[in-house]
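The following pair of complexes shares a single chain, chain A, combined with chain B in the former and chain C in the latter.
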Partner chain A sequence: MSTTVTRVRIAGAVVAAAAGLAGLAACSSPAPSGGASAPSCEPAKGTVTLQYWNTVPGMDQVVALWNKKNPNIQVQTKNISNDQYGTIGNALKAGKAPELAQVGYDELPYLRTQDAFVDASACSAAPAAKSKFVPWTWSQTSFGGTGVFAFPQDTGPMALFVRSDIFKEHGLEIPKTWDEYATDAQKLHDADPNLSITFFDPNNAEWFNGLLWQNSATMYAYAGDKWHVTVESDHSKQVAGYWQKLIDAKLVRTDLANGSTPMYAAYQKNQIATYVGAAWGYSMFRDNLPDQAGKWTIVPMPTWGSSAASGDWGGSTVAFMKGNTHLYESVAFNSWLNTDPEALALENKLGGLYPAALAGSALPALSQGVPYYNNEKIFDVFAESSKNIDTSFTWGPTQKTVNLALQDAMAKAAAGGGTLTDALSSAQATALKSMADQAIPAVAGD
Partner chain B sequence: MSTQTAIRESRVSRTAAMALMLVLAVYFLLPIYFLLVAATKPQGDLASTFGLAFSHFDLAKNLGTLFGRSDGVFGRWALNSVIYAVLGAAVGTLISALCGYALATFTFRGREFLFNVILGGVLVPTTALALPLFLLFSATGIVNTYLAVFLPSIVSPFGVYLARIFTVAAVPREIVESARLDGAGEFRTFFSVAFKLLTPSLVTIFLFQFVGIWNNFFLPMVMLQKESLFPITLGLYEWNGQTARVSLLQESVITGALVSIVPVIIVFVLLQRFWRTGLASGALK
Partner chain C sequence: MTDIATGTTGAVAAPGDLRRHNGGGPRASTIVAFLLPFFLPFVLFYLVPIAYAVWQSLLVVRRTAGQYGTSYTAFGGVTQYAQVFQNGEFWASIGRIALFGIVQVPVMLFVALIMALLLDTPLLRLKAFFRVSAFMPYAVPGVIAAIMWSFLYSPQLSPVVDVLKGIGLHADFLGPGAVLWSAANVSTWLWTGYNMLIMFSALQSIPQELYEAATIDGASNWAIAWRIKVPIIAPSIILTTVFSIIGTLQLYAEPAVLRQISSNISSTFTPNMLAYAVASGNNYQQAAAISVVIAVITFVLSFGFMRLTAKRAGL
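Moving on, here comes the complex of A and B:
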């Protein structure tokens, strides 16, 4: 009898408590931000505190250096490496975005359609910074226009990592074109069935995009108030067809994921002779395969024609986020962060960043020979690669969706259930559909 | 005579039980063994050598790297974990003991109701409370401070439950009555008389709390943004998210994971004796 009464009472108390919590939650949830005024570049009076979210190891130490030198512009960092875009997206929805946030080049157009950025060009120092960066990076952060929505931070110019000892052992020259690369792939495989020239990671659309970029396979263009989607083009089909042939002939492995333990194990066992990688990859081999010191060399990517061309894989920008009311201070900090030699050197040392600033190539750490690579000046190769990157390449506003579609189809192709050319068609269809779903005007073709 | 045969087990079943326990022991200890081995390897050996065999013995160097990284931030995280876990468990145990003792010794209106509500609290997973707590704390402005992790850590409905059961079992009413007759106040009675009788049981509560707070991950993740306030769990998680950029961090994550289980093992070994008696005295009733 008494237990029944107690139970009812408990239930009542729980409901009341829950209601109380809900009420509190409602009170504390952020109010929608008021109408945004036009961005201005007035310096604030007194001390300003900026929030800067990023995923770079050791960034707090770089910022500490700035804070020591600039008592009036204090920056607080937050590391969001475990859910970068989720964290940024939630903050935007809640109207609590930081002043500055790290955004990858391929995420910029999408976040722009979400109205995530402010144009910092009201501050004259922002457009003036253009000359300090590698040209293709600036065209990404300005969307090819006059606005400045972010400063480039780091890049991943691509190059070919080569086990020169394996090539020497088989009497092969290091390939300069993709045709020579395919021929060598066959020769290496014929000489040793366990040896592949490289691996094709079917779950890495970002890497594949870099390959497309190298062949000027522009995936998107914005003109006449609408997007022109050319994920499936003659240029991209050439790249897809090439790798499909290597996969069909079993000349490349398709069972390894980039940076995974099995990948390092395969390299350790001398089963793979090259790595199509980016600048930030140099430390991966140095740190995970110390036994192979002196066996690696880095050369420009094989080319499609006779002229040098390269692609980019990875890299990020530091964007001016919506609601930023301290543009003057943000531009000052952002500019120091990404162009000052002292800051760049520290970011390279602690976070492994390969800077987007032109000053980066003059850094001592990036102009000396690297012991692991036979004291070769490998960064000269990456600097040259960066200069050869097509500046007109544009990411689409639904890039993430397209990448997922591409990966799905690439995985099928790697498993023998389709081709990489099919993957391009399905990515093209997905791009158009997802843009239509979001009412973004888009057409297929140029 | 007949009882002897009834109790004696057959050799077969005893061997089977031993074998099963051996298998389970291996199963439970294997990951720890892997961690121990991996923590002694340089980064270059992690992918290229067999996971369960030692290669270069670099434990000292790994520890040096771990504690030297980012101006010794790992030491700071370790200290934070100790502060959260030791202080949180100590204060939490005291509060639980006071509550449980009060519920066991005093008869008052609504006692059972109150106890049942507290018991209900045991059913609510702490993970489910993290977000409501975050909203509460951000309204009061203590998000991103020590208090944000400390305050929720000192609350333990299960501790209150255990303390009540233990008090009923270990503190005879007569002793409490006689202490009162001798003129001791209620707090005096608790601290001078009941507390000593309860000590083994309180160690159990302390251990539960300590391990719970030490391993807590979600609450600090929700509450904290400043690296200098992180406990070890959150710090290692952050490093692990950055290994794509700096592969050498992987080694420090592994060594850090090994370091992070050492205090728990020490606390268990030191308090084991108390713990056993505590569990047993509770189990009797």
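Moving on, here comes the complex of A and C:
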């Protein structure tokens, strides 16, 4: 190797390394832009290619259907289920976000504080789509305003999965309120010490949040240029206190994680009589406990008093990402993807999505009886649940961090060190602290 | 030594001669060419990320006004470090790891040493078999090992728990008090064979004459093991201790996997898990500060230990 070549290479490497460092430094220099120019909805001339990142199994086949029908708007999918928000976050930092990306409802405010979205309301078709979706989902994607940052895709309206055979065996009615549920929990446990009415998964803040949502426990509000944090409120404390009582009396199991092998084993051994779940969970039991076919039924969530309110657990949106210069085409595709019956049917079949679109309930697959559940029309229960979900519920801008803190404290409570009410205090403190760390103005209370 | 430049053999060339024969330039370029494959990745993937982490740890997030104001970073001095030191979760995780290390490292290394000494005795048969089978766990990726063990710990699935129940013992491997030791058990299972192999290879390099001399002096096998073998391989034992200290401070995979089945492992169970949790909440600056503090603690502990034992180890 000649000296010249080597020296040039070293110099090149040093320059590259220095440039890298300079680039990194540039990323962190204080240069807030004064807001980009308003997005336009001009259709592009010629063929447009859109990037769409998601975690839905079989989505490539849905997109292939669109691509066949729309030669001028080609969509490329990428599955990012390995590290959904890490991948999106890194792409945003690098300025290489896709045109469209799947974002869970609870991560929308967080990503918006990262300036991740573009407002698609410049395209008149975007705000016009409002009437096609279940109301609560639209209030999430519009942040309760006039902007359109995402289209709702799927939801997880909650309901109670019940082993009707166990209830019949013990001569019990299926509970309609949480009070009745607690009474039945005691009766079942008295009759058989190895039998619990359900399990409380301390490592599942998303599930617990769904329970809080049902009881109108609004955790965040925005007013007067500040976030108002009410993770710890009378509504949330009522839910926490209720489950704490069940835990203290050892009426619910706390040693099972949702969807884990041990959880299925416990259900398989007839140790648990109900499952507080969401629409997408119907296939979990069908696929993992095939020999319990016909033993399960799905009924509305037990209610708090006379309120018919329900909660949501999970579900996603398809967001218009920052840097999207093809809004017209993106709105067209996103609208088809999430409201067209053919697309919805395929997503339900391949990915198990329970659609956020109102048209979803008319899908053949979602309006027929399901064999595993005694041919009951279980999706009618979820559709009714979805209608009863509070539209004013708001997720926080540091939801992931708050969820982790809530889980850690719920686990402590389940292990006997503290209570679920303490867990709410811990989550409240973490919400305020993490928002301060991100320089997001926030105060406690209304 | 062979003088390459002149091609003459047998003549011992002084360093000065070599330099004169080869000339300065080409030789420097040769050194660079050989170093580059190491040095370039070392700079790019080691030094630059460390420098970047240190730089990040000195920043704080600021935001333009409003509910969804644009964020940017500004120099914040030691703000992030002050937060790390005030963070109770951080110290709790350090405390947990310290307890883990104080118990697990000596136990693992003692077992490894005994196994290495046993493999080195002439009395043992089927040596190759034992050597390979003891080393085998190391070939299993840490995450897989933890998943495997989690099946043995889970009360719903474990045959071990069932058997213990059969004799009247209610074992809870995932309980609040036990789960740290269940994780330690996975680490021990994974790494004992690896450490044993390092010690065993050191034992292999001890000249046989020493043993012969000792035997002539009337030393028993026991005395040879403790008074000759162990002192001679002390540097290897110290090396494995340093590796183990570093490994303990970086503990992540085992508890992270067990967390899937036990709620008694929090998201901040070990310092690395805490750093990961903070980073996943988009607080990269705080995560960087935590990482730098962990690195400094690791550095101080490993070099402190090496200094402490330098005389004995002959380092």
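FYI, the second predicted complex is superposed on the first by the 409 of 446 C-alpha atoms of A that agree within 3 Å, B and C clash if a C-alpha of one lies under 4 Å from a C-alpha of the other, contacts with A are read in each partner's own complex, and residues count from 1 in each chain.
Criterion: a contact is a pair of C-beta atoms (placed from the backbone, for glycine too) under 8 Å apart; a residue touches a chain by one contact, two chains touch by 3 or more.
Model, not experiment: these values are computed from the prediction.
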item: Partner chain(s) touched by A:Ala365 [first = chain B, second = chain C, both, neither]; value: neither
item: First (chain B), second (chain C), both or neither touched by A:Asp408; value: second
item: First (chain B), second (chain C), both or neither touched by A:Pro57; value: first
item: Dominant contact partner of chain A by residue count, chain C or chain B; value: C
item: First, second, both or neither for A:Lys78, with chain B first and chain C second; value: first
item: Partner chain in contact with A:Lys400 - chain B first, chain C second, else both or neither; value: second
item: Partner chain in contact with A:Gly351 - chain B first, chain C second, else both or neither; value: first
item: Contacts of A:Thr261 with chain B and chain C, given as first, second, both or neither; value: both
item: First (chain B), second (chain C), both or neither touched by A:Leu289; value: first
item: Set of chain A residues, in rising order, touched by both chain B and chain C; value: 2, 6, 9-10, 13, 21, 24-25, 28-29, 261, 263, 265
item: In the complex, chain B residues that touch chain A; value: 42-44, 46-48, 70-71, 112-113, 116-117, 120, 132, 135-136, 138-139, 225, 227, 237-242, 244-249
item: Of all residues in chain A, those that touch chain B in their complex; value: 2, 6, 9-10, 13-14, 21, 24-25, 27-29, 55-58, 60-61, 78-79, 81-82, 259, 261, 263-265, 268, 280, 283-284, 287-291, 350-353
item: Residues of chain A that touch chain C when the two form their complex; value: 1-3, 6-7, 9-10, 13, 17, 20-21, 24-25, 28-33, 35, 85-86, 89, 110, 112-115, 201-203, 222, 225, 227, 254-257, 260-263, 265-266, 397-398, 400-401, 404, 407-408, 410-412, 414-417, 434, 437-441
item: Chain C to chain A touching residues, read off their complex; value: 25-26, 28-30, 32-33, 36, 40, 43-44, 48, 51-52, 55-56, 59-68, 70-74, 83, 151, 154-157, 174-176, 259-261, 263-264, 266-268, 277-278, 280-283, 286
